[in-house]
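Look for subunit A in each of the two complexes below; its partner is subunit B in the first and subunit C in the second.
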Partner chain A sequence: MVDALFRHHNARHATAAEVARTFVPPAFFDELLEPKHVVLVGPRGSGKTTLLKMLTTPAIEAWHHPIAAMAREKTTYTSVYVPSDITWREQFLAMAQQLGDAELATTLARSAFTAHLHRAFVSSVMTRLETYIEPKPHGEPFRRVPFTRAAEESLTRSLANAWGFPRPAPTLPILREMLSERIEEIYFIATQEKLLGTDGRSQRLASNRWVHVHYLHSIPTLIELTNNALGEPQGRWGFLFDELEIAPEWLQRELYASLRSVDQRAIFKLAMAPYMPFGTIVPEAKPIGVQDYTPIPLLGQNVRNTVNFCRAIWDQLISDRGLAALRPEDVLGWSRWSDDPDEPDSKYIEGSKFADQVQELRAKDSSFDRYIERFQAEPSTWAGMTERRRAQVLRKAQPIIYLRNYYLRSGGSKMPPRKSRKAHGLFGGFPTVFTLTDGNPRLIKAVLSSLIDVWIQTQRRVDFSTQGRLLKQAAEIFKSTLSNAVGPQPRIRHFGTGVVPLLECISQFFAVGVYGPGFNPDPRLTFIVDENAPPEVAKAIGVALNLGGVVLVGSNSEELFGDVVGKRFRLCYLIGLLEELPTRLGPEVKLSRLLDGSVQSGDSQVNLQLGLEGLDEE
Partner chain B sequence: MGELTYNGGFAVTMTFKVAVLSDIHAYTNTPVGSSAPSHLKVNDVTKPAAQHPLLALHTLIGEQSINADYLICPGDLCDKADTQAAQYAWTELEKLASMLQVKRFFGVTGNHDLDSRYLVQGTIDPKDALRAMQPPYPIPGPGNDSANTSYWLDHFAFLTDTNVRTLLLNTCGAHGLQKDEMKHGRISVPTLQRIRKYLQNDSGTYVINLAICHHHPQQHSELELGDYDFMRDGQQFLQLIGSGEFGSWIVIHGHKHHPKITYAAGGNTSPVVFSAGSFSVLLDPQHGSQQNTFHLLEIESDVVGSTLWGQARTFEFDFGRGWRPAHDDSAVPYHAGFGFRGDLQQLAARIAAAIPDSHKTISELASQLPDLQYLLPSDRAYLLSTLRKRHGVANAFDKHRKETVLYKENHG
Partner chain C sequence: MRSSARIDVANWCPTDIPGSYDLAIATIGYEDRSSYFWRTVRPSAASSFAFGFAEHEVLSFEKNLAFYNKAGFSVDRPDGSQYGAAVEAALLASAPDKDVTRVVIDISSLTRDRIALACECFGEHASNRVVEVDFVYYLAAFQRPGKRIKQNAYAGPVLPSFAGWWRYPELPVAAVIGLGYEENKALGAVELLQVPEAIWTFMPESTVKEYDAELLIANEELLKRVPEDHRVTYTVEDPFRTYKGLAALRQSISDLYNVVLLPFGPKIFGLASILVGLAGHHTAVWRISAGIHAKPREAYTHGDPFGLRVTFRSSSSEQPWD
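Take a look at the complex of A and B:
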């Protein structure tokens, strides 16, 4: 069930109207709507495509929501949605190999992209005209203008001429079809050039003027012509470039550099994955975050935003199933680490549930007992503690106390073995279940849908054991999607080869910090990709980042995307669940140090036989 | 029968709708060492509707509320004398007739319908299995015993309804007799004489005359489809019905799995010849991108006139997606017409004059110049070419409007 749900929620093949039907706006949506350059950064499944499609006219027309009116007010530009395609890069690489001429391949690929963008522009213009309103529109028309046949033909002739077509186009659909044919023709030219060789190539290519039209340079002209035709001389156009992580590197660089564009009528919104090492950009050409564009990270939002977003999606999932309003608290119960209103106002009093946890753990974990003694933090002393001391000694340690008490068996001074991992019940409840999704819409929908469906079947609160089982199932499925990642395959000696073994290695390192022989109230739960980390490992972290397996921590706008070296990360909470890691940040460790294979836990140095041996060169 | 259009209380035009599906080639089992002959296996319930031409046709009829006056199958119900499959296809046609709310449905015999090679053990007369089918074949319905007898005995039968006369011609009448007869169709000289005599003695007045047969009455050899299997003496048959003496005719035939509309050789009254293609056979890719077809012919005539005109609404089977209007560049496009036999150069000039600075669709122009709707596909292609070369009027297919747009190449 969870497996099917993972596959189900993908906006790539959904129409704008379909996207709008289920769209839940995140906290930053109004910022995305603003008529300004934006770089949207997030891993796969984080909602980039959905968000960009929501800026298009068909989506705005179809969207029914309390803030839909605000969205219409803010969208003072016409959006042109330009998707990338996995075949772009493959075809470009194939072309380059065929021709043996990288420069020519780039020229032709850029020409194909230009036609692709023009095609998207024509489609966008059609969404502004009353002529092309759907026979059964999904909602209220938005910024549609009446357009005579003569005006349409005049515009299409002008555009066709500007784009170097030998024959005119009488209608926008015909012009769009001509652009599709042009893309085919470009690949034909590539094949032809391969057969004809370099003799006479310059003359042949020079005779095709349109091959050299650059998409960026063509934008002012097409805006000018269209604005004149629509009678909107100051009309603004938003070019939404999606999935740039699968575009060729030269395109990524050019689009990023275009954020310094000074044509006020053109707004660029780029959607990309966080790991995009697209070479160097000349410093004076490099956009400056915030000044030239607004960076918007899709993940790594604060917990409150994540919970609110999840709650909104929850409400929609309930509504989609035709159920009466249902609170997540009532279905999931309160998590053990939350402020359950049924619990006493203060847990830090002798005799409270928390005090019981402390005493239980002291009885089976000598390292924790020593910790309590060292800081004179027996429950009998809590009443007299200052708030600051309580925070330092107890509040920070609380999740670790709960986890160790839940998972550790009684034992001697040796590191006690953990319980069976089947239960994971400690991670159930509201809002922990929400937090575990990291605000990733695909994970949110998959997890919450499965929990709601259980409630529908039983009509009772879903017990923690069931929640834990479903969460673990979701985590395993998510991990398996990471195992399909194409990228570097660093070998981790006893974990295996690839991205997943690397993440398992990191997980286990952190797990020792939480469950090791020595109690640590603030174990390391983040890592920095330092310069001593092997390059293949750094790239593998990048791949994991793009898939959502790791999350960037504490970044400024300059760091939201690009290379991973020098940046701080944590595991995504769902992956961390598989090692029962707490959903919090912790001090960082250098990745190279982590890979050394030894972990300090209390007075013990635990050797996990980590390390890299014989790195693959590919 | 049909629909009459009135002007001042007098009927001036008649419209008659004929649904045509031909060459079904249904089968029971795939022959060993061969591939399946068609999409239609008897009682195959495993395929989804979008992969099953009959089920997909049910969907199309329901979605578009299609109805007709007649349903016709010009032969080859089954493949290679598969009698069980023939009965299956015939039963399915009866269901279709009900869905289309037709007044009549009938068929004619194709070379695959007869066991002329004596494949089935115990066959004495190749047509026995067909004659045993239910409902009665080839003309179901009460009161048709005489017509059915005539069909088998004389190799033809006439049906008459108000304003409409239909000739069912059995071009496989000699199959199973002389050895080579099974390789082609035939209308024998005696049969021609009997038809002539009937027509001369028929005192009725008919606005529309239909001739249904399996084999093509004139050569149809493009796409390397072969030039041996045509109806022998078919040319004489076309001359007979195209003489003008016996009204206006349209011939509907099967056998060639290639749809086509032409006029027979002859004068102004020569018949329209409509090749229906194949409904469900698995087509040979070597013969180009032919598609399986289903047609809805809308035949018009002046009540007191001498010519037939009309349009063929052809649907093509898109495997996995169902029936869709035929493409503009198909052998018989969705808006294919027939009937206009005037001067195409003059028509082109009138069209060019009717296009102002901005474009017009064909359907818009047709409201001013109705003849545009009744062009054969070949005539239409010539017209568009003439418009471009002589008048600077280009054309392009608008996928949003789903029709062709004409526009001046240089304007302003």
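Take a look at the complex of A and C:
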């Protein structure tokens, strides 16, 4: 069942071969492969780690896929995967607190990170050398280099010397271990400095030359020395910095600013969450999206990309279970408000299923009846409607019509959610199930796996009620992970304190627009974090953004990450599902006004929102 | 940057109470149980201190405060990290001419960060003279947990000195979790640390049987991820055994993982974790807290007190057989 939601699919500590085995390339994968600086932006679970690990030599070797050969051809560099970890960010912060000297703490933390980067570099060099690779890999040998012991010793000697080691290292693994000793040494230097205090500190630190080696400044030298040893003078190296959102702020800033680097042999690919309020960078040091790097957002892709990506994962899940090709349409059916191919071009004619929906809703919802009358949009008139008018009056309103008809009782009040079997039944089918995942691989795999497993057990199409129930179960689990997240604690009226009450408040506001007393064909479904939103609320939105609870809408590449103020968001569709919200965008509302209750989502603003003012009411 | 003191640990029970302690450290909490030991067992001590929190002065707080004042305790309400300084001052003032300072401290109503601060003080003090500390703990009588999940405000080392330091930063993190009955709190910690598989849980078992079912409910989602052979049940009333088990587990997995201890549940497990953390800087001890939004709840004692006797010695005072 969906309890597997947060159990699987974390690529963090998976081997490259494990990652390659289940990797499904998204639409932008070839852009990522390009030997250019890239910033990958996505929340937890959006596949950043998988994507970066797929650029490493062992993963590319192990990958079997129709486009694997193209990927090998494009990967003209050796990747160095550099993970982050929330525990060592805390260790760096703790060091600063204990030393009471922020500058010293940053110097020591940077030195530790330099050793960490050098360890990752040594490991990457080893993935190229035949000495250290299985002779018969499962995949396609890729950029392997024969290397003699003498050549290795020569390389390790020069690297050890460049990194300030007093003695040479005979092999790369020994050099890597010496770097670990150095990380350990930093802890003892910090302990010593805490005990000795500031007297004579500069002299003591000056005597340790290696403490001052900056990871960024060390890169050209290590590339030069290694390229010479490998006989690849122009060899390029891709430094893949993962999960920067949990790295210390100084590291985030330095790496981001380094995207202006012009050393052609060093390519930086940074993976980060969208909420990264790492302070301002002076304009002359600030990289410019597209010009200095390629920004790639992992969520908020267009629906077609999301559906295609889900379909590719679907095919792989089917194949993993040893099943014959099986289309999602066959297992899930078509969603009720999709363009069902069984009903081609016939939605907007009198007597169609959609026309039945309209007539049913008119009978129980007087506000909708007035809407139809106002725009003279009775099904009997549809045949004579212009395309423009049909789009504005009917097509845009279509999901709202389906939802209201499904969830409103006679008399217009909404039936209690999640209490009846019916309450689960509208959110199902293809492609709605795909859309609801927002293209988040973690959610896609968990939700689709559960649905396929139901199909395997029953050997028949999974009914909408079961689909809806599983999706809502996934949504509840997702919500509970948001509840347990560490974050600010704004008090949100009667909803409570924290991130989840904030999202619940927003959801309910939107739900009133969709299901409230006045029919609104285009209710508000997005919000802007305006300047008047309390800072704690803005931070809580940032936390939700990094966990995938809200999704950035329509921003340009410069706005993909950073602070949240001034940006427009929607709820992730799975969270919206808990209030039966439609999977689409809508007009925005200022968050501060939503929270203080000064704007009502059920306000009748049909003309303003739809742009119908130019249409005659006929 | 942790205290380098060496510690010896043994179980403690009320029959181990000496004729007189050099120093008694009590807590002025909002729980009835925070003064119970001092009201009922009344151990003798040359000097007695009672420290409050400067917040959440509700429920049984006034009653406890009145008791300590009447019983002649030196009363103070240090905030945050000032607690460490207060314990240190109390230690310095007590038995300056003795080789061994005997201390008794009730941790039943003490927060985990204060337990860690106290241990740090005892460890640092041990560089001058041996400190023998009786850590006293009372189980709380059962109460149903609150229903609403509270947003966590803090997740990180219990104190900066317990942040740990990884020699191999790329190793996966292992979470060793003492289970408590706050719904999904441990799951949230595991999510935060992104621990996919390397999870070990310590499930408390005590004479208060009502906790058992609540623990399973609160940790249902987490336990689905934990294989049977990673689930340890411990007897709350036998903290020495818990301490040894925890230390042995840490030792056995530390070559493969960077170990983070997450002591939810009874404070005595928190103490055991902190003592394991004291033993080496390659282990982190974290706490997760709802901060000021944690709602105070009354707690009464259940049964007799138990605890640990911990002797802190200077690391240079190694015995010949060590």
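Everything below uses one rule, namely that the second predicted complex is superposed on the first by the 582 of 618 C-alpha atoms of A that agree within 3 Å, B and C clash if a C-alpha of one lies under 4 Å from a C-alpha of the other, contacts with A are read in each partner's own complex, and residues count from 1 in each chain.
Note that a residue touches a chain if its C-beta (ideal position, glycine included) is under 8 Å from a C-beta of that chain, and two chains touch if they have at least 3 such contacts.
Please read these numbers as outputs of a predicted model, since none were measured by experiment.
Three-chain overlay on subunit A, with subunit B and subunit C fitting side by side and no clash.
In the superposed model, A:I174 lies in contact with subunit B only, and not with subunit C. For the superposed model, the angle subtended at the Cα centre of subunit A by subunit B and subunit C works out to 50 degrees in steps of 10. Applying the stated contact rule after C-alpha superposition, one finds that A:W250 touches neither subunit B nor subunit C. After overlaying the two complexes on the shared chain, residue contacts for A:W210 are found with neither subunit B nor subunit C. Of the two partner chains placed around the shared chain by superposition, subunit B is the only one that A:R149 touches, whereas subunit C remains out of contact. By the document's definition of touching, of the two partners only subunit B reaches A:Y132; subunit C does not. Looking at the superposed arrangement, the partner reaching more residues of subunit A, out of subunit B and subunit C, is C.
Least inter-chain distance for subunit B and subunit C in the combined superposition, rounded to the nearest angstrom, is 5, based on C-alpha atoms. Residue overlap on subunit A between its contacts with subunit B in one complex and with subunit C in the other: absent.
Partner subunit C is touched in their complex by these residues of subunit A: 3, 6-7, 10, 12-13, 83, 85-88, 90-91, 93-95, 97-98, 112, 116, 119-120, 180-181, 183-184, 187, 190-191, 194, 477, 480-481, 483-489, 496-500.
Contacts from subunit C toward subunit A in the complex involve residues 1, 148-157, 160-161, 163-170, 172-173, 184-185, 187-189, 191-194, 196-197, 221, 224-225, 258, 260, 281, 284, 288, 290-293. Subunit A meets subunit B in the complex at residues 126, 132, 148-150, 152-153, 157, 167-174, 177. Every residue of subunit B that touches subunit A in the complex is listed here, in rising order: 357-359, 394, 396-401, 405, 407, 409, 411.
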